[in-house]
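Labels for the chains are A, B, C and D, by order of writing; each one numbers its residues from 1.
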């Protein structure tokens, strides 16, 4: 285990060219960083898009964060036309959870977080129902009830936006939030909203996938965690998993088994986001795990 | 392990009513059958459809097969309005495999069969290409090349039908046969054609599912074995499985991994059919395994 | 889903003989029971031990529970030399959880139970540490701290026994209870103590299996739920599962991943016990799930 | 997919120090290599052992293989005290398979190899029985029968060694070879003998693991591929997998299911070895897959 509060991570996307690894690793080495992980991926052997995740330790850095960033931009990033970002593990990301009535996905996150297994700060749970207030408050997390009805969708979204802004949120997790977010809302959180879809996408897009799965007689049920885009249920997939079912399992049992899959799939996706392991490229993800 | 050649299996579908288990098991007990497995399923707690698989040993039966069937019909089946059938393990089912150029699914079946792991007689392999003749003939199985082209689809199907009839085939397995069978053909083999679809249905119905899976960036790929109906890729699902993939895996690797899943899924489905473990109900299967 | 409070289950172990299914199902049919599930298993095709689980609905029973039991004993059980028991789902089993400091396994049980997914009454949590009191009491479950130290092991066990007796406990679950129970204690709870062992038994019997797994460089880690017998870590296995690990995973990560496996394996095992799905035979289990 | 015959791979083990990635990637970049994969691992955040696998393309290399090796040794490897090796994918490794009577593991390898899925040359199958000669020869692979009996173990091993030497073998695969190799033999093939053990090691070391698994009533059975060392069944584990079993599965079925697991586990391990993805460190493996 690395000493977490000295860990930093660099994520890079750029056109693939020879020399990138050498240029990047040389730069950090020369500034006293100890590289503790380096993962890369290219879409093509030559001429494709290149992705890198570099994890390094900061104790012996010879320059400040700001100077490191400026110098890296000048010395390396511009030359290779990189999209890049550096995150510091000590700066815990602030997370808000949006939820409706199903508690299983939210509780799994709160429970893992309370045990130290999700490196973040959960700053708010927002729900369109009151039902889960007590559960949330038992974790000493603020619970906000934002009523949504036909006539006030825009107003409700504005209220949610304001709560997220006030709390300085970095990541929004939809833990079975049963409201469709507007394209405008989604556009303000690019690659920063993670949803858990209760199906193996793209098999059962849309409502009531467990009923669909039952009607179809599938032998496996699944769940999919993905970033949310304006195109409902179609955003970049982060993680999926399945469980085996049989003719014995009615819709209710499919739902029970499915909720266990949802819990684990969402928890893994959120953890990888918090550890800066995910790069989105078009409609797909690179996950360095 | 039971002594296979004394094993028989009864499959039943009927309206659910109290007393079925008692009536059926009593009947067989009274005629000297030793019941070695009994599985059942109801779609509803009351008033649904009822399914049973009963496996029994024949050495001490006090009547002939024909009398057993007649007596069962009179004494039990008519009263409960049953669809039913009795199969004897000693009567090996005759299997024909239809295949095009991909050899993996066919070879898995031939290989398991040659080791005694598929209780059947493989009586023919029929292909629209010559490529796999040597592979097939090395198992001492007759290989038939039936050319299919735009103008002769009906003629080719007639030729296939005639080969199947001549060989007395009980089960047709499509081991990546890349021709679409006509509704007429399919109608003559109800619940007796098993296909392996190279996808987790219904996620990627249609052509080139591995390309679709790659485009979509899914994290699991799968395969589905199903009975063939006139509605392409929509017949009752028998078995499915998946394997984990990542951004590292290009379409070619997805295909390689997928073929391993296809092999195992198809082999399981065929084995269950041969052991009379599957009952079709509407568009779903009950699999007593 | 069956209406749970009209469901009853019969478990049988007896020498295998022809006619058992017929005798049992006939008996219950004649007394107005509607059989909704029947599972059976024989250790041998002939002359082995026979096991049955029969689930039936009680609304149309024509006799009382007591008379049903007496009549069944007279009419069927004695004739076939059966060990048998009937349970009624409406009589929720009373469960006590013993735990030390690790909370994951206990919380999973409490969480599932609080959502209605474990059909029981959790009547007590007993721990040799104070640490988890608040967690437990937030579920409105009584928490008992029973100090164990070298000199008072017998006294502590007596105290635990007395708490279990006072609460009328039916099942004791060791959710990572880090004390070894004496043979005397165990003998008083035959097949009524379930332990979760943090390893794929019998691979890493004993202390610190995650360190052992790490030292050995295994590629899968697992967990095992089993009934407790006097022979430590050797009781009948109920359920096992594994997760994949790699050289990247240090002991701490193995423990994290392993705890997720432990949670799920223990929850399944306890659920199956509560639903009367398990029969112990020698040192093995028959699980009708 | 990379053009395989221009691919080369470097494997490194050395004390961990800052600057290694930079030094290695800079060296190859400066000589015209295009790095297409770079994986690394450290046993500790600082001061541990460091491992790297670097895959590069050779078309634009500015020096010969020999000069590349010499220069790398001088410029980088010596400075960092590296154990290292470079392999060229175009130089197919030569593989010999040792087998007894069970054919499943051997056939899986031959079958994958014949379809181009195992990048190697299978130059010999050696067996202590005649049984599999026809199977092997149908793949146009030389089959050698080397009789082993009590009195001639040393002589038989010498004969095997001589066959391996004559064929220029790089890797020996024990595909269920039921003879114990002497410590002398093993010492001559360090990390170049892969064995498939028909159990989830270390659970059931030794003979007849399926009987052991059945006696113990485990709910999962597994298989383990490992490098062979003088310490029987204890060499570095490369890959493991499991399949679920139940009380219904007798020893014979455990064996059938287990053989399917064995086939896949061994095929994966051999493929990884052939692709230079495995580094052995002490009694553990680093697998860069």
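The rule we apply is simple: a residue touches a chain if its C-beta (ideal position, glycine included) is under 8 Å from a C-beta of that chain, and two chains touch if they have at least 3 such contacts.
Source: prediction; values computed, not measured.
With centres computed as the average of Cα coordinates, no chain lies farther from chain A than B.
Rounded to the nearest 5, the angle that brings the Cα atoms of chain B onto chain C is 180°.
Centres computed as Cα averages put chain A at a distance of 37 Å from chain C. Chain centres here are Cα averages; for chain A and chain B they lie 42 Å apart. Across the assembly, chain C contributes 1 as residues in contact with two or more other chains. Interface of chain C with chain D (complex): residues 41, 200-204, 216-220, 222, 236-242, 246-248, 283-287. Per the touch definition, chain D reaches chain A in the complex via residues 1-3, 18-19, 21-22, 25-26, 28-30, 33-40, 42, 45-46, 57. Across the complex, chain A is touched by residues 1, 103-104, 107, 111, 115, 117, 138, 250, 252-253, 256, 260, 264 of chain C.
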